[in-house]
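First the structure, which I've put down as structure tokens, then a few questions once you've had a look.
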Amino acid sequence: MRGVVKRFGALEVLRGIDLTIERGEVVVLCGPSGSGKSTLLRCINGLEAIALGEVIVEGEHVRSKGSKLDTLNPRIGMVFQAFNLFPHLTILQNLILAPTMVLKVPRAEAIERARALLARVGIEQKADAFPDMLSGGQQQRAAIARALAMNPELMLFDEPTSALDPEMIHEVLDVMRDLAHEGMTMVIVTHEMGFAREVASRVVFMDEGLIVEQAKPDAFFSKPREERTKQFIGKILAR
Amino acid sequence: MRGVVKRFGALEVLRGIDLTIERGEVVVLCGPSGSGKSTLLRCINGLEAIALGEVIVEGEHVRSKGSKLDTLNPRIGMVFQAFNLFPHLTILQNLILAPTMVLKVPRAEAIERARALLARVGIEQKADAFPDMLSGGQQQRAAIARALAMNPELMLFDEPTSALDPEMIHEVLDVMRDLAHEGMTMVIVTHEMGFAREVASRVVFMDEGLIVEQAKPDAFFSKPREERTKQFIGKILAR
Amino acid sequence: QSMIEEVKERGVIRVGVKNDAPYLGFTDDKGQLDGFEIDLAKDIAKRLGVKIEFEPVKASNRVQLLQQKRIDLIIATVSHYRNRDKVVDFTIPYLYTPQTLLVKKGSGIKTVADLEGKRVGLDAGSGSVKKLPLVQPKVTIQTYQNWPEAFFALQRGLVDAVATDNILLAGLRAAAPNPEEFELLGKAGFYGGGFYAAAVREDDSKSRDAINFLLQDQWRDGTWMTLFNKWLGSESKLKMTLADFGDFTVPDWDD
Amino acid sequence: MNTDFSILWGDPGTLILSGLVVTVKLALCAFALAIIIGVVMGTLRWIGWRAVEPFCWVYIEFCRNTPPVVQLLFWYFSASFVLPMPVFMFLRDFGYEFGAAVIALAFYHGAFYAEVVRAGLNAVPKGQFEAARALGLGFLQSLRRVAFPQAIRVLVPPLVNETTALIKNTSLAMAIGVAEMTFQYRAIDNFMFRGIEALTVITVLYVILCLIAAWLGRLMNGYLSKHLHARNATAIADRQIVGGEIIR
Amino acid sequence: MMDNWARVWTPANWERLLVGDLFNRGEIGGLALTLCIGLLAIAGSTVIGAVVGIMRASDRKALNLPATLYVQSFRNVPLLILVFWAYFLPPVFGIQTSKFLSVLVALTLFTGAYIAEIVQGGIRSVAAANLEAARVLGLTPRQIQFWVVLPQAFFNMLPALAGRYVVSMKNTSLAFLIGLMDLTEIGKQIGARLMTSPVEVYLTILLIYFVVNRGLVMCLRLLENRQSFNRLFLRI
């Protein structure tokens, strides 16, 4: 990802971002609200069109006009803060929809894989429930399973736990931790600093559309270089 | 508050709560989601009717049918998770609405007091802004000021910071800390354990509609007696 | 092509009739159409040698139905007015009726002059809507969808009188469960009169003549008189006499 | 087809004009009464007061499930049974048909307005009313100062919708002989045989009336968004309204 | 009062109210006719409404504009006037229509305009975030439309749709104004025959309408239950 600039009207939200993510890396993005973290994720998978620069995933340019008509790369999974499960489908149907329709996996096989994934995130008994019958934590785990059902090469997480109650945050972080240990490439926006410290291979701190600092998590939390980073860490940890 | 029982249909949400709060105490209520913390607060100021038992504030029974027609005790202030500022009024109008209408304070006097309160919570320059032009932290501080404008004897806080971004949580907790130091009687539902440890005179842990344990904060966090409490503290701090 | 030829070709004549005028054209308890006009129409069809289909019409839509060829013939209490002659062709009359008032007993209304400042109920499409104000300008006209509704209105006190053809009023009164509570004003209340005639489409004299001849035949061979007695005259519940028709005498049709 | 619109300069035109006046009067009176019924009933339902709930339910379900024109006829013919005789006689001489039409239309549309008002109040976040109560504001104060000002933004579009329905339903009053526009059209058709011309004119007039109602609604919405700074409320409005009808 | 009821509630009257002269002369009428018109109009207007609604929700002018024109013109005219048009206009051009057809066409076009608005609103009401979730899974726009937007839109609009269906059922009652033998007209005829007790007659009709429409609402409620709907219609 080189020199990415993104504008909403006159507002320059990303002001030149250079970032390379290796296979198997777990990158945690953090930064104050409005710094452009979500926008960056959305540029990676093409949900937003970029104004300047280029985004290259697996050697291929991500070319998106940011219009609703684009079909996006199914090998980049994304998990949203608000889960965004399809409310009219059961959990199982949520999981098999994309594999059967996009990858043309036979239905039976897709169901089998879906059940395996649900077991993996610990909600196999909820396969036939509708999303709104599940707790937030369960919904988010289902959303992760849905993304995994497409065999993604890269997973993007946009504050996956910030709509959850403290006890449920746990369940979701556990699932993500397992994923990281299995070598999935992940980019995670989160305010859970304990988690970041534990699983991240790199922490990237953004402010006002620029990458201010990036470092290994230990270095990042113990001896941040930039003044802005220090402030931020101070505030987050002071609670 | 003695033997309070509250039911929603068949669901018994509070199953016999005894709790006495002395003047000037700062009680932090914690417990897992759904344990009935919010419901307890709402029973104290009469937003919900209780099924059994009694709630006595300053020697007076709180009698509420829980219907929309009741007028509640204006001397109990309440701050909500979602701020609940009135979006169609400016911050200043939000602050003077209740004093002028309920306490019949003359408008000029109410405005003067309101400005003083806004200064106290650090947002005096936002007096004429509308709520949705403010950040979450500023909104919550305005909500606290609004409650204070009624000269409450008791302030109830229901997760005042959980809808806020990490950086803003701070501002709000600062305001609450000041209040505590000034001797305001407060009941606070929060997951901010650091804050609880610092300002609480007592921590009350609830689970499934019962008070499981209550103790001074130091004792509570360092050597919880009950198994359930240990589990909870473990999970919360493990993050 | 004239209507009469069309009808013979088709083998069916479609006649617009009333279904809410007691004893003239009305639905009986079983929902069957019956009455004086219905029987007249049936007899005409028989003489033409065709089947008959009835189409219930209202005063307010009978002319349009005819113009739009939805029906071939109207026999539905249409009085022969000159302004109507502009849009349909009338046959010779098959009944004359004076127009009068139906009031509640003891209302004090004796003549049209007494209607000053009163409310009168009418069918929205009836000619009296225009005619009554000419006779009595200080009357308030209230219209209804059909005559029985105007009669309910009289019963409930919503209007002070119902004004129309004597024969219709007599039918309404006789069909009511409590006829003794109402009073038909008779001669004193006459404010006009009208010849009921069948109507065919404008500019179709061939058909009109054909119907005219049939109507004359009905007079001659006594069919008309039989039907009159059955529904309106001596054998009927109404027991009407010629006086009720303004001493109207049966004309003598020659060849 | 031989149409001749010039005849409208004569008697038929006068008739239609007098019909228009009656239609407008009828719509305005029924609207005013229906709004009052709607606000009171809607608020009562929103409170969820056990004592009045069944009463409100019966009223609203009755209106929602039975045709307005039959209701109109029913009210008209049964009024003399229901009303005390002196009142009835007074109304009768006063122009009872018009009154009956106003009452029937207001009764019918009041039920729909009530649903709109209730949905509007429900769309105000629950916390808003609770916050007002927690500050010690009384019920009516909270309603007037907090709930209604926010609900009204959500209310306007479905309210306009219901109001156009009301305007259109004034045409049913012809069934009991109120001399409004449709009635006059029927009269012209009956006695002057100029149906198509008259029908064209009154169709246009109805469209204009409905568009005026919609335009007034938009004016009101514009006014409200200028004077009530409430982006939250708009967001709620967008979510709750499908096809101009509030999802109930 | 009691014998008024007895006069209205006779077996013969009930037969006429429910099926008209079906058994005597083979002419359908009363409630049966009302249901015929109502249900046919509901079916027809749903088809029209779905097509026009999708056109309305589209961003393309060529689709959007005619749809808007149709909706705006039919929504702002009283149904009664439309019935008169449908009844009196075709004969002017020498086209024969029946009363039944006139009422049906007017009611279908009228309701279609409303349903188009509901469909459009339903489509627009599907949360944008949900669409993004579908796009992120790599679904094509067409697949998203068919599997994500339309089913969700359907649920969102069901309550409004049910309301509209009931309104159109009620609107069949206007048929009597042009003399079609629907429930209302039969009721009026019975009233005309009895020459009294309109209160009892109208109450009886109101009751029948109420029962039928309440029943319709209850049937539609079943659909609102996502579970049963999912079982019935969605095969993924």
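Residue numbering begins at 1 within each chain, and the chains themselves are lettered A, B, C, D and E in the order written.
Everything below uses one rule, namely that a contact is a pair of C-beta atoms (placed from the backbone, for glycine too) under 8 Å apart; a residue touches a chain by one contact, two chains touch by 3 or more.
Owing to the predicted nature of the structure, the values given are computational and were not obtained by experimental measurement.
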Mutual neighbours - chains that touch chain B and chain E alike: A, D
Most heavily contacting chain pair (counted by C-beta pairs in contact): D-E
Where chain A and chain B are represented by their mean Cα positions, the distance between them in whole Å: 34
Intercentroid distance (Cα basis), chain D paired with chain B, Å: 44
Chain A and chain C, separation of their C-alpha mean positions in angstrom: 84
Set of chain C residues in contact with two or more other chains: 64, 145, 149, 152
For chain A, residues contacting two or more additional chains: none
Multi-partner residues of chain E (each touching 2 or more other chains): 88, 177, 198
Pairwise chain contacts under the document criterion: A-B, A-E, B-D, C-D, C-E, D-E
Chain C contact footprint on chain D (complex, rising order): 76-77, 80-81, 88-89, 92-93, 96-97, 175-177, 183, 186-187, 189-191, 193, 195
Complex contact set, residues of chain E against chain A: 127, 129-141, 143, 147-148, 151-152, 154-155, 226-227, 229-230, 234, 236
In the complex with chain E, residue positions of chain C that touch it: 19-20, 22, 26-32, 56-58, 61, 64, 67-70, 145-149, 151-152, 155, 172, 175-178
List of chain E residues in touch with chain D within their complex: 73, 75-81, 84-85, 88-89, 92-93, 114-115, 117-122, 125, 156-157, 159-160, 163-164, 166, 170-174, 176-177, 184, 187, 198-199, 202-203, 205-206, 209-210, 213-214, 217
Touch list for chain A against partner chain B, complex: 32-33, 165-170, 173, 191-192, 194-195, 232, 235-236, 238-239
